[in-house]
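Labels run A, B, C and D following the written order; every chain starts at residue 1.
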Amino acid sequence: MSKLQIGILGATGVVGQRFIQMLERHPWFEVAWLAASDRSEGKNYSEAVRWRLKTPVPPKVAAMKVSPATPDGAPRIIFAALDASIAAELEPKFAEAGCAVVSNSSALRMKSDVPLVVPEVNASHIKLIDTQLWRNKSGGYVVTNPNCSAIGLVLALAPLHRKFGLDTVMAVTMQAVSGAGYPGVASLDILGNVIPFIRNEEEKMEEETHKLLGQLNGHGIIPAPFAMSAQCNRVAVEDGHTESVSIRLKAKARPEEIIEAWNSYRAEPQELKLPSAPEKPIVYLDANDRPQPRFDVDMGAGMTAAVGRLRPCGVLDWKFTVLSHNTIRGAAGAALLNAELLKAKGYLGSP
Amino acid sequence: MSKLQIGILGATGVVGQRFIQMLERHPWFEVAWLAASDRSEGKNYSEAVRWRLKTPVPPKVAAMKVSPATPDGAPRIIFAALDASIAAELEPKFAEAGCAVVSNSSALRMKSDVPLVVPEVNASHIKLIDTQLWRNKSGGYVVTNPNCSAIGLVLALAPLHRKFGLDTVMAVTMQAVSGAGYPGVASLDILGNVIPFIRNEEEKMEEETHKLLGQLNGHGIIPAPFAMSAQCNRVAVEDGHTESVSIRLKAKARPEEIIEAWNSYRAEPQELKLPSAPEKPIVYLDANDRPQPRFDVDMGAGMTAAVGRLRPCGVLDWKFTVLSHNTIRGAAGAALLNAELLKAKGYLGSP
Amino acid sequence: MSKLQIGILGATGVVGQRFIQMLERHPWFEVAWLAASDRSEGKNYSEAVRWRLKTPVPPKVAAMKVSPATPDGAPRIIFAALDASIAAELEPKFAEAGCAVVSNSSALRMKSDVPLVVPEVNASHIKLIDTQLWRNKSGGYVVTNPNCSAIGLVLALAPLHRKFGLDTVMAVTMQAVSGAGYPGVASLDILGNVIPFIRNEEEKMEEETHKLLGQLNGHGIIPAPFAMSAQCNRVAVEDGHTESVSIRLKAKARPEEIIEAWNSYRAEPQELKLPSAPEKPIVYLDANDRPQPRFDVDMGAGMTAAVGRLRPCGVLDWKFTVLSHNTIRGAAGAALLNAELLKAKGYLGSP
Amino acid sequence: MSKLQIGILGATGVVGQRFIQMLERHPWFEVAWLAASDRSEGKNYSEAVRWRLKTPVPPKVAAMKVSPATPDGAPRIIFAALDASIAAELEPKFAEAGCAVVSNSSALRMKSDVPLVVPEVNASHIKLIDTQLWRNKSGGYVVTNPNCSAIGLVLALAPLHRKFGLDTVMAVTMQAVSGAGYPGVASLDILGNVIPFIRNEEEKMEEETHKLLGQLNGHGIIPAPFAMSAQCNRVAVEDGHTESVSIRLKAKARPEEIIEAWNSYRAEPQELKLPSAPEKPIVYLDANDRPQPRFDVDMGAGMTAAVGRLRPCGVLDWKFTVLSHNTIRGAAGAALLNAELLKAKGYLGSP
């Protein structure tokens, strides 16, 4: 079976690089086309990119020419890692031209007919695709994954919401610098510092979490009806968003039931054995000082969210810490898993 | 007028060093006696200490001999910066021997007859001294200041509690490494990392905040009756604890009223013009990304708590960020201001 | 006596900010005019700048309008903190228009008729001004200070060169991120990392050190004739360039003579009591693990170079470590001290 | 073939942990016995250790009891990762009892009958074993590997020494905190800082480099006769020692010949296909800003030294940067490769 050809929009950015890294040995997909900003166009990828990962640029990709960011000549499956303002313009163009656009951008996430999906959480939402005008006209569509700060949280919440019902969520994040792209955060801003502000991040976390845990009905997604508040901070960590979370549940739960809900959680990606699905989407760590980015960010090849420190909360019911890899589970890996889900569900055509 | 002689217990630690630095040019007090662990005893202070501050050891102190940690020969006013387990043993001995022990340790903070005081918050609580057995027997007593994580928070809460009434408090901290003393946190543990655990810290923050905002009546302190939950994290910052806080107030408040409550807050230390009292105990910063440790930790010579980012909370009423200097306002400066309050109130003898 | 009016070119950058900070309470100079890039023009300084210092923007400066970067309406004394390519174009224009341009840029440093001056090292070189065409035509001229990596080194070398004669110098630097301006080094590039390359830095260090220690004769500067090699690295430090240096001297020297040469070194700025001159340009620290940026970078208000670890070298004669503040002694303070020297020597008009 | 049983002295330290990690899937060796300090004795390894690596403790090892640090009951092959003072006492005891002690400690490295070996550099030196008294009495012996700062340097020097002859070496190091063990460097000492001193490190680097490149004759090792000077600094990097090096060669060399000497270098470990030998001991990186710890420290699974920035030196002939992983190539991997060499040469007995 030959592999499906993938195009990458925003191929030179931090998330674009992760796409290329994660696709290097992928069993289903292969990188066939790259686009980036105008100033990269026409260059070899290795010249255009300032590669910031520890593994080298795959030689095949290094030699590829960077194409203009237009649908002509692009493959039918596009992974998009664009800034929101550019995504708002380009993603619809590619969808209109018949491409399956698997997007990591925030531009269209909250659009009522665009699925915002974490395959372990709300795989069924991909059916929204069928309501997109693009889909009906050209076969193209857009599917999105959430913000890197929402994805770890929602993985931790999903099993609890399913089993006990969520009433209230409060989350305070300590986010890695790679979440801001490259060059992103200036070293003078973050060395020995905490920045208690990330533009639009709290708003995204709150609305995306509600949509992700929402219900699909005939008219779209009904956001899940719990109360939520997020506070977002930047810290001097390379990769891995850590979050201090408090929750109130609708049903009574004992701590061992909560931990069991996390550790035993399996969903469609695990059942379908999607190539990038971690064996365990969530793992509870017993040590009293974990999870920590330095040690736990790469669990499940960066696709597992690590949870720890479950204990009673003096205001809500429970508090805990969750950590997930922001450029793998929170960005490139999220989109890739969405693409794998789409393929498994027949949305990428017959191979 | 000659200065009052001060002894320092735990003089070689991070907080002990701050005491010495802050007392170098103090108008009322001067360092006259130093004690530390057994292995320092008999050495010159400059030999015994691994000095970790940017200003040099004051020459007069550098040449002082480190005394044994017993009351014999010690002055009548003792600043104590001891580990809790040692404080539990030593502080009562010094109080029994007639010393005014101004302690930064957690050992006796929650004892029902020991005042836990932030002079801008609950100066009146020092009257608890009069109920201490030591006081009645030898004239000695113990006064304490709160944990470094509680003190910035309580400064931000006090004006709001006074004006609007506190109903609920949730706080997530991002604490500097200097809060753990020296050598404290290993570099292999914190470089590029977040540690979501500090032993006993959450418990202290919660119970101390309640006591600080409590009411003194004939029988002691009635803790303030609001709900509270704290989560404590360590980050790679040298000095300055940053906290993401959410609160619910009893009375309705508009944001400009809250900001005004902070900016206009003055209390006894300001009225008494205590030497270490900052002109403004709390300052609200308008910039949307402040306060930050790198830029704001030294406000008011490290004695002002900086607040910022006031905005509505989706769960409680309001959220904001508070920052305070953990070894100045949160430790040595806290004890020093307590001592100044005691002197102003006549607890250190006739001037 | 009214103060001399100063204009600042490049007022919004890291060095421009330091100029403003250092001039806030200057006895001779006051900021009267600011220019920056086109996109700042017409804004209030406080809007145009992303202020990165711990002290606040001086209120008077905060309210000043940013002017176009042309000589019309600018004062006669200009402090310039521009990128080299822009400096190459603008500095001659201001000199031609009659301005005294005190520049921190590298653009004109090596020009044969432009003095490159560290007042403690080669104050006499300012006479080169009299050979500049601008000077003869309009009264304007350009004076420069060296690169931030050269200035700490040359302060350490000057007393030894004067007393023992320099034969050979090898220097390896570990340079702070503030040396790259703002935003400068991306946090993803430097957190937990060392970058063994700074563009053009080694070349500048080598040629500037030779010129600084050179002799002025009738035809210009004869570079000092020692052999030199520099290697430059970037490290995750905010302020302060640390350098591991090895030297061979022409005359025999005992270690105590070298240390005495450093500690006793005084030069014209000290004799003239220039306002920004440190009491001691160089201080030798006895502790075996100093100087360190964290503790020693602010010595002499950032104008003193700290030296330590003098010991024999297995290849040349001696090795030692030198540290200096790269944006104070190595940039803004360097230019300011040059301006003070110019004033003291009558180059800024009659006092 | 059953695997050889390995005992580890100092099993709970940073290097001991690396031993366990690197032996988890080793084809020849397996961990059979662990010893550490008294306070660990009798505990399960997982309880005794504060594990600081990203991969988990191998389950088999986690459950092993920590034995007393005496030869009774220990296997015949001992990997030792002890502090020098303890090694000086224990290593001879184990050798005397008939053990092959493969040591990472500095205690016996410079002893005239103890081989100090990097298998790619001086594999022939292991014959010194035959001159050890222990060997003759009990069959036991001690083999050592160099300090973590010497090993990257000597890998870069060996091919040049062999081909062109070394005349002079100057090296300035920027060393990672893991080189100091755990807890090692306090975070308050190194965050945003450089420490220009590591006790005894410069002395070790200089004398070990000479011994490693020396000649074995009938009477022992004749140190290589080049001049050398080292300066050692600590920086805020987790793993990877970076070194700025200058050299003078005896024979004339063109840069492409030097690079070719590095890139083509192969030695006994590669020929013998030792399991831990990297395919390429040294790799030259063409990019002008490499090697960097963040990106290059794990080359060859941490066993390859990365070299870059070859350029002429204004004092000696050439300068360049070398990077190697200090706890893999510089410690645990070094000892493991020594053990593999010993086995291949028949020094570990018939399996």
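Basically, a residue touches a chain if its C-beta (ideal position, glycine included) is under 8 Å from a C-beta of that chain, and two chains touch if they have at least 3 such contacts.
The structure presented is a predicted model; accordingly, all values stated were derived computationally and were not measured.
Trainee: Using C-alpha centres only, name the chain that sits farthest from subunit D.
Mentor: B
Trainee: Per the definition at the top, count C-beta pairs in contact and tell me whether A-D or B-D has more.
Mentor: Comparing A-D with B-D, the pair joined by more C-beta contacts is B-D.
Trainee: Express in whole angstrom the distance between the two chain centres, defined as the mean CA positions of subunit C and subunit D.
Mentor: 42
Trainee: Suppose each chain is reduced to the average of its Cα coordinates; what separation in Å results between subunit A and subunit D?
Mentor: Centres of subunit A and subunit D (C-alpha means) sit 41 Å apart.
Trainee: As a quick test, compute the distance in whole Å between the mean CA positions of subunit B and subunit D.
Mentor: That gives a centre separation of 47 Å.
Trainee: Would you please write down the residue numbers of subunit C that are in contact with two or more other chains?
Mentor: 52, 189, 191-192, 236-238, 294
Trainee: Given the complex with subunit C, which residues does subunit B contribute to the contact?
Mentor: These residues of subunit B touch subunit C: 52-54, 191-192, 294-295, 298.
Trainee: Looking at the complex, which residues from subunit C come into contact with subunit D?
Mentor: So the residues of subunit C touching subunit D come out as 168-170, 172, 174, 189, 191-197, 206, 227-231, 233, 235-238, 242, 244, 246, 288-294, 308-309, 313-316, 319, 321.
Trainee: With touch defined as at the start, can you tell me which subunit A residues reach subunit C in the complex?
Mentor: 14, 52, 177-178, 182-192, 236-238
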